[in-house]
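Naming follows writing order (A, B, C and D), and every chain is counted from residue 1.
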Amino acid sequence: MTPIQDWSELALAVIGGDQREQEIARCAAATGAQVRAFGFPWPERGITGVTRSRSAADAAAGAAVALFPIAGIKDGCLYAPGLASPPRIDAELIGGLAPGAHIFVGAADEGLRHLAKRFSHSVHEYEHDAEAKLMRAPSVIEGVLATLIANTQISIHGSTIAVLGQGTLGGLLADTLHKLGARVHAVARDPVQRAQASLYGVATADFDGLRPLLPHLDILISAVPSRIVDLEMMRQLRPGALVVDLASPPGSVDLEAAKNLPIKAIWARGLGARAPVTVGRSQWWAIRRRIGTLLGL
Amino acid sequence: MTPIQDWSELALAVIGGDQREQEIARCAAATGAQVRAFGFPWPERGITGVTRSRSAADAAAGAAVALFPIAGIKDGCLYAPGLASPPRIDAELIGGLAPGAHIFVGAADEGLRHLAKRFSHSVHEYEHDAEAKLMRAPSVIEGVLATLIANTQISIHGSTIAVLGQGTLGGLLADTLHKLGARVHAVARDPVQRAQASLYGVATADFDGLRPLLPHLDILISAVPSRIVDLEMMRQLRPGALVVDLASPPGSVDLEAAKNLPIKAIWARGLGARAPVTVGRSQWWAIRRRIGTLLGL
Amino acid sequence: MTPIQDWSELALAVIGGDQREQEIARCAAATGAQVRAFGFPWPERGITGVTRSRSAADAAAGAAVALFPIAGIKDGCLYAPGLASPPRIDAELIGGLAPGAHIFVGAADEGLRHLAKRFSHSVHEYEHDAEAKLMRAPSVIEGVLATLIANTQISIHGSTIAVLGQGTLGGLLADTLHKLGARVHAVARDPVQRAQASLYGVATADFDGLRPLLPHLDILISAVPSRIVDLEMMRQLRPGALVVDLASPPGSVDLEAAKNLPIKAIWARGLGARAPVTVGRSQWWAIRRRIGTLLGL
Amino acid sequence: MTPIQDWSELALAVIGGDQREQEIARCAAATGAQVRAFGFPWPERGITGVTRSRSAADAAAGAAVALFPIAGIKDGCLYAPGLASPPRIDAELIGGLAPGAHIFVGAADEGLRHLAKRFSHSVHEYEHDAEAKLMRAPSVIEGVLATLIANTQISIHGSTIAVLGQGTLGGLLADTLHKLGARVHAVARDPVQRAQASLYGVATADFDGLRPLLPHLDILISAVPSRIVDLEMMRQLRPGALVVDLASPPGSVDLEAAKNLPIKAIWARGLGARAPVTVGRSQWWAIRRRIGTLLGL
């Protein structure tokens, strides 16, 4: 790739995605870069500084940087819920990028890696970028709040809630619910995570300590990435309790088992799409830092 | 009215209302009182200890205490959105109560007052009961949060919000949004209310101070009970800003004027019905205290 | 008094007080007023725009506004802990003010009222000004925090604390300790105050509910303006517990009785003098508003 | 070492330290272990279940576990501020422990490591134990609060504060000051730490962003473990500003340079000794977990 001096010399393609990509494209154009876009919902009034391409290949042609969605790749195609047939990752698309291009994608698959290598591009996965993850965490938390409010007849304030899993998301959720006046129990296996939760005034427990709490819970939320909320655990809940699963597939809650109990269990998926402007902006923030480092801008 | 010794001797009628009244009736029955109910949505599994009456008059017959909804009376009828024709307040209904009965209602009208006097009942309005108002405030706040989350593409966290009016509701709202990470400006005419808001770390302004803030706001919320958010004010807002009116009719925001501006304006009504169990329970809590005092229970 | 058009025409005397008056005088001078001062500790570098007088009478001579300290008057003299003999309120001092002067004082006594009337001055008490009280509350709270930290071997975080009395100060204290991670019980007789405390996620109790809590408390703080913490109550406390009295004389805690118990009891007085700059400024803020209204400035 | 079945079979020596060790010894004895102690201030009423030894060697003789203080070792001796001559780490002391003993110490030096190896003991450093560090963090933070309150004439509430360094301590401090109503700027080089601070509603900056803030600060606190607060930086501060150094030796602030400026600079050392009961307890909590794992208890 020819070295560039300035954002205005950079051709950048945004391909696939949802409303978040509107903001990503807008932010990218605001740097002065030449931005071409395809494959996400196009706003009525357009996006200042962004050219709408007629195909994925058109958008990609000659671009030194390609931005693919965080939701990534499925069956060899880019995530693009707004299109009847999503853009396929093939030699035409990838080969059309400028030589030595940088491809950003949530998570790559074998096919993309293979093609990138063939055309001497480099692939940068950003799904687990720690900064972007923290920056979009409040948006996800607010999505959880909306879910709780929509599915309960009691207020969060004053209710008794266990949050299973105290990673970034679980920890922030426990703190937020505590601030809203809930009686929160932060549950984690790792004593360091429990000590962290306890800093913010939240009660803590390990999984042995969770058991006697179960009959007292109004709400049980799991952010643990494994199937730990099973029939036996849910049987201990009081009638009318709400169970919320925040985990990625295959999920943390046995939803089938829940159907036979007098409780309500829901799988809160896609919360990352809440607040697409904020989330898109934080995604761009992290990507921009990495482009800057890679290209010396 | 014959003096009674115990809740179990008390005949109590719950007439009209919505899901909140389910919880009020349930709580009332849990004291041991004889509770008859009519005019609110009846839950599939019934309500422990509560008898469902076939008419408002049936429920009222011989009751020493009548509970009418907080939403009160419209056109001479009790609020009862679940009924095709709401219960009329007439001599049959009111005259059927035990002599010297106590009638609790959000706010009475002339008709009810007149009838109560005629039959020597006393009327107790509870709409403005300070304790119950505070106890249901978190539920209302959570209704506002759900409204904000549903109507924005940015997160509350990090957004710039002005809350106009710093009474109980406005004050708690400013504090809650601040805790969620918003940049909050609490706006009030009264310097004491501003000093109160400032205790919780929120920035404050009077209405002169609001003007220069307007172009920077993502969200403007008014809890002021008069029409102060007018065309001139809303013209200063940035495109895409959200305006939320929390005031009772006739409302605080000129919604007609808003239609011609590139902003979104909504009237968030009926938030008191969010979390009906919590709200019903807090209503009952305040009413129970007053019954206890009145009847020496 | 001749009407004045502008702060620069105003002669203002600051007499008596402590470090707070340094800031009050500085703020007063910053308006452009002619400020003369006597009777509070004079800073080494002086105070910009403030003339140091040689006596109280000198400072007062011809002044249209006199500021006396919030700590007020004792035995006919102004509070002035830095002076060997504090300024006496007599005909020379009061008679020297400009005719129809405005005298601001924390709380007046009979002598001052009498003299003011004789010379046609008006007296304005500001001790209970709601705005100034709220504005200095955080300084007082921080004084309480320093007291707790100095007198305990456990951290506030994680300790169990009861705060008796939920007025402005007690309420803010309960909320602050809760934010620092203590397990707080807000105790009040008034159900409205309890409902208020409960908004911020704090547990609440009335005085009957306090009794079973006593053996579990690490710290008991009373902001109730009457002698309610007696031997019987303190006997229920665990050895090593800390009792803090925040009330004005005669105080809320029976300190004599405490001496015979294995607990530590202290009377935290003079907390209003913590953060004299902040407190002086908030005092001036409230006084300035009233001068502005009185003189049309 | 002969395997033991039960805490009651465990001989444990606590040697050196300060008031924290009183609580450590008390907690250790509460497990049923046989605890001997020497070298820390002995409370008047003794410590339930703990035997006071006449020398370090007496305490150590035959112990399977030795607890040395977190403050560790200086010039070959254990930290013991209460003793005229602190216990020397020599062959008599270390050789007297039971064969294969476990020695816990904040941080070991070469001498201890060498002796331990010679007698086949194992050494466990706990200074950087993540759980214990988090558990004592609130005590340290409260020590900082007391320091700020003692050294300012303004309240924390409403003041403008920069916290340099956003590790565990800096992060919790920024959040706590924010909760107390300060305008906090969390300063860190690492974007992930900034994103973390921003979650809790605190403003963030990198060190370039700190520069323009300097003239507006009331307080600057550094928790960065290197000498970064230099003359040039402190020259930008306003007269009367407070600078607090939280770093271990050699410290983060150039205190010599500060002497010639119209500011106040202090080194807040030994804050870990605030709340000795809480801190001792959290130390023990982490040590106990490790003993349990090592000995299968």
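As a working rule, a residue touches a chain if its C-beta (ideal position, glycine included) is under 8 Å from a C-beta of that chain, and two chains touch if they have at least 3 such contacts.
If you're wondering where the values come from, they're calculated on a predicted model, not measured in any experiment.
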Between the pairs A-D and C-D, the one where more C-beta pairs touch: C-D
Subunit C against subunit B, contact positions shared by both copies (same if over half, else different): same
Interchain centroid distance [CA atoms averaged], subunit A/subunit C, Å: 51
For subunit C paired with subunit D, centre-to-centre distance based on mean C-alpha positions, whole Å: 37
Sequence positions of subunit B contacting 2 or more other chains: 138, 157-158, 179-181, 198-200
In the complex, subunit D residues that touch subunit B: 157-158, 178-182, 198-201
Residues of subunit B that touch subunit C when the two form their complex: 130-131, 134-135, 137-138, 172, 175, 191-192, 195-196, 198-200, 289
List of subunit C residues in touch with subunit D within their complex: 19, 138-139, 141-143, 145-146, 149-150, 152-158, 176, 179-181, 274-279
